[in-house]
Amino acid sequence: MTNAREVKVGVLGATGTVGQRFIALLAQHSFFVIHALGASARSAGKPYSKAVNWKQTQPIPSAVREMVVQECVPEHFKECAIVFSGLDADVAGDIEQAFRTAELAVFSNAKNFRRDPHVPLIVPLVNTSHFSMIPQQQRLHSPPLKKGFIITNANCSTTAVVIPLAALERAFGPIESCIITTMQAISGAGYPGVSSMDIFDNIVPYISGEEEKIEWETLKILGGLTEGDDGLKAFDMHTKQPLRISASCNRVPVIEGHTECVSVRFARRPPPSPQQVREALQAYTSEAYAIGCPSAPRHTVFVHEEPDRPQPRLDRDYQAGAGVCVGRVRQCRVLDIKFVVLGNNVAIGAATSSIINAEYAVLKGLVGA
Amino acid sequence: MTNAREVKVGVLGATGTVGQRFIALLAQHSFFVIHALGASARSAGKPYSKAVNWKQTQPIPSAVREMVVQECVPEHFKECAIVFSGLDADVAGDIEQAFRTAELAVFSNAKNFRRDPHVPLIVPLVNTSHFSMIPQQQRLHSPPLKKGFIITNANCSTTAVVIPLAALERAFGPIESCIITTMQAISGAGYPGVSSMDIFDNIVPYISGEEEKIEWETLKILGGLTEGDDGLKAFDMHTKQPLRISASCNRVPVIEGHTECVSVRFARRPPPSPQQVREALQAYTSEAYAIGCPSAPRHTVFVHEEPDRPQPRLDRDYQAGAGVCVGRVRQCRVLDIKFVVLGNNVAIGAATSSIINAEYAVLKGLVGA
Amino acid sequence: MTNAREVKVGVLGATGTVGQRFIALLAQHSFFVIHALGASARSAGKPYSKAVNWKQTQPIPSAVREMVVQECVPEHFKECAIVFSGLDADVAGDIEQAFRTAELAVFSNAKNFRRDPHVPLIVPLVNTSHFSMIPQQQRLHSPPLKKGFIITNANCSTTAVVIPLAALERAFGPIESCIITTMQAISGAGYPGVSSMDIFDNIVPYISGEEEKIEWETLKILGGLTEGDDGLKAFDMHTKQPLRISASCNRVPVIEGHTECVSVRFARRPPPSPQQVREALQAYTSEAYAIGCPSAPRHTVFVHEEPDRPQPRLDRDYQAGAGVCVGRVRQCRVLDIKFVVLGNNVAIGAATSSIINAEYAVLKGLVGA
Amino acid sequence: MTNAREVKVGVLGATGTVGQRFIALLAQHSFFVIHALGASARSAGKPYSKAVNWKQTQPIPSAVREMVVQECVPEHFKECAIVFSGLDADVAGDIEQAFRTAELAVFSNAKNFRRDPHVPLIVPLVNTSHFSMIPQQQRLHSPPLKKGFIITNANCSTTAVVIPLAALERAFGPIESCIITTMQAISGAGYPGVSSMDIFDNIVPYISGEEEKIEWETLKILGGLTEGDDGLKAFDMHTKQPLRISASCNRVPVIEGHTECVSVRFARRPPPSPQQVREALQAYTSEAYAIGCPSAPRHTVFVHEEPDRPQPRLDRDYQAGAGVCVGRVRQCRVLDIKFVVLGNNVAIGAATSSIINAEYAVLKGLVGA
């Protein structure tokens, strides 16, 4: 694993919550090397250790401690093959656009481009096939691009549930309807995020925009690509077999790890048994792992047999939070099958997804030459 | 309000979690007067303040502080018209039976008799009509009883959800199916109950037996009474219009107040709109309040308009926790309507229900004389 | 209790955390009547229920729900005899000054005037004798005032500890040194205050400026008034018998109630025994209670005998949080005596102190005619 | 690192909280190899994965998953050079004695032998010199032992504070008095340990026996060994220069990591400055690290400069919790210097200390042969 394999990367929004996670993960990556850090004008010019209010449980990696933070403009990132964006939504749109135009490959955790008809929304354990949209994204760009593109990953609560849903659709065909109730960790709201006065000894049964994200993003991710008469590809939003999703989102007093109770109804009658579902989930593998993405988990879905698992505190760090854990697979008296899924919102639900997406792009030769 | 109205009551399991709540509530009751306290042999003979490990936020009521705790045998409770049972399930069966046989009216929070075909399972804001089973319960007892009977109230998580469901059925006719995901407070497990190591910064997506209780008890409570050819009444378990319920129960790090996300499908097509549902919930009243039960809440269902309510910490003490709060009434993409309900598990979900049931029985002349 | 006794009051900073507490308390007060509400320009003109993000566990009192919020300028408060200030420190200085100049009696919870040499810093269960500074404060004002003055109450963590210290000095003479370690609730930081990410499953061993407040305010409160050759009074800062105080302040994951571990050394040798200390604490009474202030607690210091009390969750609401609870009085191997004190930071530690101070001023005839 | 270095070890109390930690640590140890597991008769005969209620955040190590649990009798541990004891105090005394008599080297986390005059109480970053008591322990045993001995490590709250105290005494000479207030994590009480109802949103200002342990154990650890006229060694309990310690212990809602506020007074006048103290703490090194114990931390005391550190959630896992973190070193107005120390109660405060002690014994040739 020598320099031949070394890929220089930048991190946008490097001082924020997601940016800190990117840095913690990238600092020990086997082939990505942090080369530039971007943040707001207020931080620019300072060494990273002075600019950041570091909130991770490991110390600031020595490789970035003294690295001088730059403003988020492409010229400071020219030598990077890839930039990871942990930018806030209020600035991510313009900045990511500018980086793409400057022929950089942008892997973004922000929501701004998720609904763009030419930007793939990729959960790397599910729909890496959507990378095939990149040439069209580049061709239709004005001016057309050679290397620049934007890939987004999904919202954290979507990511956790879409992985087992993908596994079930692969094994048993289309899901017809799905009711999801989430119990989401406070870290999902960033920093300072949720006031302690709002969530101590409390549940907040509402997260602005979250239910819509789950209901919409899941369709884009699980859906396929169609090609129109004009030769243009489009995301089909699972319309060939309509999938109705109803989500209820709750904030709970847990630091990390989103727990979701899910009931599904399959198109296929009779539906699979709980045991068949367990086996299908356990057997599900990702292409990302198959081709060797170093951050992709061996067990995409770990299935617990104990009746009281998964639990966020005990299970969120399994495989560094890169897979999901499912438990309590059983019959649902209203739909067909119900289960509990746990996804680590700050790992597979955020930075880890972007990184696996980038690893996939590198291994597939989709990133600059 | 003189002695004419004074009703002597006893509390079984007086040192336990539910027993302490009974005492805190009864000590300031307008017509119930605590006359005897029962607990295990270990506590018997001690003044209450020495026997109990008091865990309430108000001090031990002075009326019981020096009252000597008795063993749970009927002879010590002869002068009571009513006994409230906060006994644990492992002893409640035999003791409550003995008290009934001794011609005492038992209002129990234990689960032992909830599935008895002659024991009403009464949520006092819903199905006080089931009191009509008492004469049959007494008649079929061996030997037949004159005054003794057992009334149970429901499990705390059932109670919270069955109140809005009853309101909806009254307004819109039968509900056909219902998916419920609960987020239940630690106090629901008693004391010491849940280990802090299990629930800090965590969710436990499983509560033993809880989902079955919700799925079964709801049918008994919402169902009617049928009369067979033999003239015997029976609980019909909502079988005239089958109701399918699917519950997923979770323990969350909240001290008090069960929050439940509920989706329902009505038999009636088209279903009511969210606004109609809100109005029906708000308009719902209980017979218990109508006839003047002092502990029955004025607002059986309080409907929140804010998008982020109800919340357990802010709303659980409204009306002393005797009603429920509903919020986020909106359309469900899979069933018809979804909403969030909050019920105070230690108030309407436990002792308060027993007390309102007893108030109702007194006001209706069903007790003693 | 008729109109003769009714006193119109205003609340400044009415939408903030402390302001909400003032309103919740004043709405059920026996002689104060809320007449005007002041907040920032952003809130002014709106009915209170629209202006406030109400975070109390009881609903907004009906008396203020539709009251229109005003800007914090004296002309809107002309009919008030008293204004309570829950303003933030960054604006409290100018506004409170303006209200005093407009001849209003200001009872402030803000820190701005606590170190003013003519403004008493009064913990109403301790040093109401400092009200005697008011005439001088008015006389030295430019222009001299007839009715206007400012009274401040202490920081929440100071308040909790200064009450037992005052009790001990009254009984046993001067304290020589005192080491205090606080464990302070998140509500002490207001709203949004402490990020949940900073305090979940965590201790923050630092609260900016807090240790200095305890160390300084305690001296002003426990000290006396001296009169100089020029006939001017001054706060003596306990200098006749120097008192050394060392405080270590910690933020802990508790919603309400500051717990403090205190060790003291008395000047007197031999020092009192733990039993003498317990008796002195229990016997301590306040002048505020003696003269009939309705919000003053009967038990200024409640002394627990159980080894594991006081505890914030169980004891913070005793007497509506208007007194303090002390427990674990025992010998200290380094100083003389150590104990634990619990004070409700949002009651006696904030709004309740201001209100008792105002009650005292009314009952003593110190508030305008 | 071959078999030459491999040391077979057993774990007593293998299914308990401390036992699980021993296993998690030993499973990845460079030279200890888990050879036998002991637990109660109820667990004996079962594979470990069936006997244990595993509560760690990593999965059960594969090396022990199928290992059959034995009763805690020496014959099952004959091939072990060392046994680690995570036994509860109610059984640890007899069992550890039996293992010592059977010529096994016992490294115990239990309190039973800590006050034994011939058993060293060793915090491995402080007083490995006390290992020199072993020959006398063996010689005075009846019958005299060749290889068997017992070494205990300290209580978790003692361990955290004694490390910086040792560093200070090494640099500045004797400490004269010390006031300690602890804020201890729930994991310190084992499992199920603290009821969630007792500690949610709460502080319990009392831990049975804990203050006495700190006050006594610290003296044994920081003290030296004296030799009497009879040639017998004895622990001098720091009597050459009396050290007065006063501890106040609190349980706080934190999962892991004990935070302690400490004030000290030195014998030396003038005392060292805060900066000198910081430097001395940072410079302090352990013999255990110096001789190459693999689990000994490089930084015995990590000194934080930020004003709000250390914090348990952020700092407890630094160096796998094998060192301690100190912050807020500053002057104390009553004693000389005060600071905050954080020690990971389940790492250096428990199993990690035993393991470093055993590593030290192996490297020094004190074990087996």
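Worth pointing out:
Chains here go by letter, A, B, C and D, matching the order in which they are written, and residues are numbered from 1 within each.
The criterion applied here is as follows: a contact is a pair of C-beta atoms (placed from the backbone, for glycine too) under 8 Å apart; a residue touches a chain by one contact, two chains touch by 3 or more.
Worth saying up front: this structure is predicted, and the values here are computed from it rather than measured.
Comparing the centres of all chains, each the average of its CA atoms, the largest separation from subunit C belongs to A. Taking A-C and C-D together, the chain pair joined by more C-beta contacts is C-D.
For this pair, subunit A with subunit C, the centres built from the Cα atoms lie 49 Å apart. As a whole-number value, the distance joining the C-alpha centres of subunit B and subunit C reads 42 Å.
Averaged Cα coordinates give subunit C a centre that lies 44 Å from the centre of subunit D. The residues of subunit C that reach two or more other chains are 55, 200-201, 253, 255, 313-314, listed in rising order. The residues of subunit A lying in touch with subunit D in their complex are 55-59, 200-201, 255, 313-315, 317-318.
Interface of subunit D with subunit B (complex): residues 55, 186-187, 191-201, 253, 255. Contact residues on subunit C toward subunit D in their complex (touch as defined above): 177-179, 181, 183, 200-206, 208, 215, 244-246, 248, 250, 252-255, 259, 261, 263, 307-314, 327-328, 332-335, 338, 340.
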